[in-house]
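What follows is a set of structures for review.
You will see two complexes here that share chain A, one where it goes with chain B and one where it goes with chain C.
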Partner chain A sequence: MDLLNAFVSLANYVLIPGIAYGSQLALGALGVTLVYGILRFSNFAHGDTMAFGAMITVLMTWWLQSLGVSLGPLPTALLALPFGIAGCILLLLATDRAVYHFYREKKAKPVILAIVSLGVMFIMNGIVRFIIGPDDQRFLDGERFLISAGDFKKMTGLEEGLAIKTTQVITVITAIIVVSLLFWFLNRTRSGKSMRAYSDNEDLALLSGINPERVVMLTWVIVGALATVAGVLYGLDKSFKPFTYFQLLLPIFASAIVGGLGSPVGAIAGGFVIAFSEVTITYAWKKVLGYMMPDSLAPDGLVQLLSTDYKFAVSFAILLIVLLFKPTGLFKGQSV
Partner chain B sequence: MNDIVRNVGLFAIVGVLILLTGFLQSWNAALLILNMGLISAVMALGVNLQWGFAGLFNIGVMGFVALGGLATVLVSMPPTTEAWAVGGLRVMLGLVLGAATIIAGVLTYRTMKPGRARAIAMIVVLVAGFFIFRAVLDPGVELIEAVNPAATGYLGGLGLPVIVAWPVGGVLAAGVAWLIGKTALGLRSDYLAIATLGIAEIIIAVLKNEDWMSRGVKNVIGIPRPVPFEIDLQNDPGFVERAAGIGFDPVMASTLYVKLLYAGLFLVVLVVLLWLAQMALASPWGRMLRAIRDNEVSAEAMGKDVKKRHLQVFILGSAICGIAGAMMTTLDGQLTPSSYQPLRFTFLVWVMVIVGGSGNNFGAVLGGFLIWFLWVQVEPMGRLLMDLITAGMADGYWLKEHLIESAAHMRLLTMGIVLLLVLRFSPRGLIPEK
Partner chain C sequence: MIVVEDLHKHFGGFHAVDGASLSFAEGAITGLIGPNGAGKTTLFNVIAGVHKPTSGRVTMAGEDITGLPPHDLFHKGVLRTFQVAHEFHSMSCRENLMMVPGGQSGERLWNTWFGRKRIAEEERALRAKADEVLDFLTIGHLADQKAGQISGGQKKLLELGRTMMVDARIVFLDEVGAGVNRTLLNVIGDAIIRLNKERGYTFVVIEHDMDFIARLCDPVICMAEGRVLAAGTLDQIKANEQVIEAYLGTGLKNREKVGA
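Let's turn to the complex of A and B:
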């Protein structure tokens, strides 16, 4: 029995990666949920929007690196992030003008808009592959670890190491800042309130003189910022590869639906539910259980419930459970 | 009358495009486009059934196509007797236990009174069942995968003729569609989309990882063929003589002959399915579906069972995609799970249906041929375009190299633009619904 080591091991492999991944999913799901709440369609291009914003950031990071600019221990990508956000917002606004605007005027059915977003996804995916190629790109620099496993062992004298990556800390801090800003904006400012009003009841909002085009524009601006931040954080933490962003679509949508589509609080909760389920179910529990149980009972196998290749199955299973038992999600979302 | 002339004209244009490929590039390339075009047309027919007839948004086509591919392996490969001997029964028992767990879970949910006790009982049943399932399955899997892993390492198939796999692929896809439909239909349309997107990813993950079943990323090669091998034809004096008689050399003649045989088989399937789909469209059942699609609320008020009809058409459409998937794997002669890409297998089929004309079976078929032709030909066209653009640049200039290298990604861009343009300016497609 060695609970302390068990806890450190758990924190190292489950808690900390889970929190970081959960923050990334939450930011992604917020974007999906905002589009759903205000523009009223499922935006399948969101994964590729994230990839686009991240790509601009990667390119800017490389440029800054070639100029010799750096943030010291922090990754240069943070400096490039505002450019990525700006690029992504411009792309989204242009897309809205060229594509979505027409269907909004026509009051097209949500499912038509969803199909349109498939077309947008194709194009964004094509642009990203065209510019940066389909391969893995590394753009992380600066200090890799805040605490490395070796240092931690020396510091505490424990058998198990606890490694905290810089990117994980940055992910969590950035996510907290972004989410607080978003909630401050939605709850305290006039524009934010008009957005919520529009989301709640379109007709009533129009009657009270809210300009719908302005609300839509604001939404795209926020979605662009959220998508880029989520994309860059994910890219820093893992690596940047266009196809993985497309694959993120499933966990992101699962998060948004689990939380309740259209509900920002739900999106955050959903992100963490999905992330923690994914990590705990695909984690090999041998070590933790080995510390917690007496030697005679220590498990032989890896005690891994599912291989990591099945992580999509976890999001999917949770999604099914929610659809079967609580279709509006944890925090009552909209249902059309 | 005018419509018929126009539609025949459209098909003729596609025919001419394929013929042009034959004259300008090679007849082998042209026949390859024709064969894949036939398969794409079948897929488009399946999606059209779901979207065009019933307005169901299925973006998991890839998964059903892959299930068809799995069916060819399970049906036509020779069984690995040694693997069956060491772990076959154990794995089968494991699968039965897995299914029993789910059934027990559902029964618990159905029979007990709602409340906390029911939730706990159900979770206990499912979790305990999962561990028993793994405990039985895992050792068997290990034993099977240890049997000559370089060549087999899987259970093999039933050793039946490969044509049998086509309907079996349809049945497999239908089974999975039933599971998905049961849970996700009747809710919002987006939910079905997400659920199908998810199941497609999971099916691919299973194909990639369950080596005992599909050899995973080691691929299954040498799937039996319904047509003779080229090399056998070339060694057949009678065939060589006949080829010489019409002025072909034996290699060329044998490759073309084999492709034509495939085309004939696929054409039979396509015609049968097209006929069935046309009959369905004109039947009272088809009218009911369209009524539901156009106004669900009023159809329901008229006493139509919306959920049941949706489930039926979802299963049928998915089964057709499964058949197409089995046909494709037969044509390839191998199952390569890593080649299944959602952009290629799900979204491209959607482009076919929408460009061709959703709600019209002939439109879907036309879209299948046309978009497949574009998909194949956009790459060389893109390269040509890039060569043109970069002609003025010096060799070795980074932009020139980058542009030429990226020509391969023109496909996605083009397909996206085609889809958006059609949706915007001709939302009913090339051959609109009547």
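Let's turn to the complex of A and C:
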């Protein structure tokens, strides 16, 4: 019984939040990795792209809520998501026309494009704050829990409760759908193959008659969709605040680099590696250990390796270790 | 067919192509020879749209094609291969060939979702064609192999295969023979001759192997220091004093004498 309690407690505080957070990071990292692999630069504006897509979704959700539209137990934000995606794609395509296109024509070096994306980041940052303000916004409605801790205890008679939030389930399911669609697209369709071809060997792709502008456009469309989905899922699960998306940039980049920049499989693996490291290292293990060990050995302290304030240090440390010992990442991406 | 007029390409102060004027006749296999750094590859790059020329004009059948981007030139039937073979390394050899031609209907997002049937038909035809090309080049057994894993010589064949996926008008081959063994070189040579005879492809070949040039090319153009030194049959070129000095060197001249 104690072992079971230990496992439930672990699942409640580590496994389930880790899986949900990992899915969000994976979706974000996929966007970064696609831009890196195909457009060949580190897109620092990705965090704020997510914020922008999420913002449109939040605004649409409010509007739908004011009309009395609802999805019952599911959050209304799911209905607003397509509008968020469309808005985000439009913004990215406009940015590409106005900014990146110019540098591409000049065949600017990747480092210049990275700095340019930093500028784009500040502008998007400003736009989002200008429209929705810098504060926390609530847009979650519907059923909050699939199983609440109380129900779980009653059901199983265990001491420990297991709470599964609706948003966590939605996050995981949406992530699975989006990732399978993406992989189907990249591996099975002609458009996806032309993107991979362009990423493999740009010169050859051009000489095979592949129109680079079309590939670039396609990339932005997919990145916009991925960013919005990631941003909305994160916002539903935690809360929508523009600054948190800027902060997410570090774990997202860490995920993409750990997995191997330019490798979609790597981005997903990297997302989960980072998420679980963050969660396990900042989790207080007192309870779990207490269940597993005889009373005399039960720890007095919290057994928390790092305070949650340092959670970004975790991704940073992993990033450094990977760059030192395996610069191409777990799945052999391009080296940084 | 392609006429190059007074072409200049400068990289900073370095004049890689310095006033080259030449023409490639339709239906011929023209050899382009010259010492390293003569500007042969740069000339290819400028014609194929990789670099924009500093000045000068390139026309094809009277149409100005100067500085067009590579994918536009591709659709006009101008193809090239690289000195160091390029491939899409994460795809199989068959998929590599099926990437050509660009601009298939499957490349449009709309069709990806709503034009499935048309795409499937197109893919089937492409697949058959790719297999046929692989067999023609004697690398049919490599169809499902990742292109990043095959040998350098086989990559060269694959490059040649890419030009066979469409009806090219003119194909620029940049040192197809470099690093390729004799047997494979003969396969490549046979393929070039067959494509030229049966399909009417025009070829321009950069090559250092004189036997290969002798077997395939007529006429031959010799470049040095970004300019055309001489043009004519291989024998005329070999007899040209300037060419001997700049490229062939005295060694060859002596050997020829001994041979004669």
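One rule holds in what follows: the second predicted complex is superposed on the first by the 334 of 336 C-alpha atoms of A that agree within 3 Å, B and C clash if a C-alpha of one lies under 4 Å from a C-alpha of the other, contacts with A are read in each partner's own complex, and residues count from 1 in each chain.
In the analysis below, a contact is a pair of C-beta atoms (placed from the backbone, for glycine too) under 8 Å apart; a residue touches a chain by one contact, two chains touch by 3 or more.
This is a predicted model, so every value here is computed, not measured.
J.: So, A:324: does it touch chain B (first), chain C (second), both, or neither?
T.: first
J.: Once the shared chain is lined up, is A:130 touching chain B (first), chain C (second), both, or neither of them?
T.: first
J.: Going by the touch definition up top, name the partner, chain B or chain C, that contacts more of chain A.
T.: Of chain B and chain C, the partner in contact with more residues of chain A is B.
J.: Looking at A:201 after the superposition, I want to know if it touches chain B, chain C, both of them or none. Which is it: first, second, both, neither?
T.: It touches chain C, and chain B stays clear.
J.: In the superposed view, which residues of chain A touch chain B and also chain C?
T.: none
J.: Please give the residue numbers of chain A that touch chain C in the complex, ascending.
T.: 185, 189-191, 193-194, 196-197, 200-201, 203-212, 214, 218, 221
J.: Using the touch rule from the top, collect the residues of chain B that touch chain A in their complex.
T.: 55, 57, 59, 130, 183-184, 187-191, 193-195, 197-199, 201-202, 205, 208-209, 342-343, 347, 350-351, 354, 405-406, 409-417, 419-420, 423-424, 427
J.: Along chain A, where are the residues that touch chain B in the complex?
T.: So the residues of chain A in touch with chain B come to 41-42, 44, 99, 102, 110-112, 114-116, 118-127, 129-131, 133-134, 246-247, 249-250, 253-254, 257, 261, 305, 307, 309-310, 312-313, 315-316, 319-320, 323-324, 327, 335-336.
J.: Where on chain C does chain A make contact in their complex?
T.: 48, 50, 69-71, 74-75, 79-80, 82, 86-91, 95, 98-109, 112, 119, 123, 162, 166
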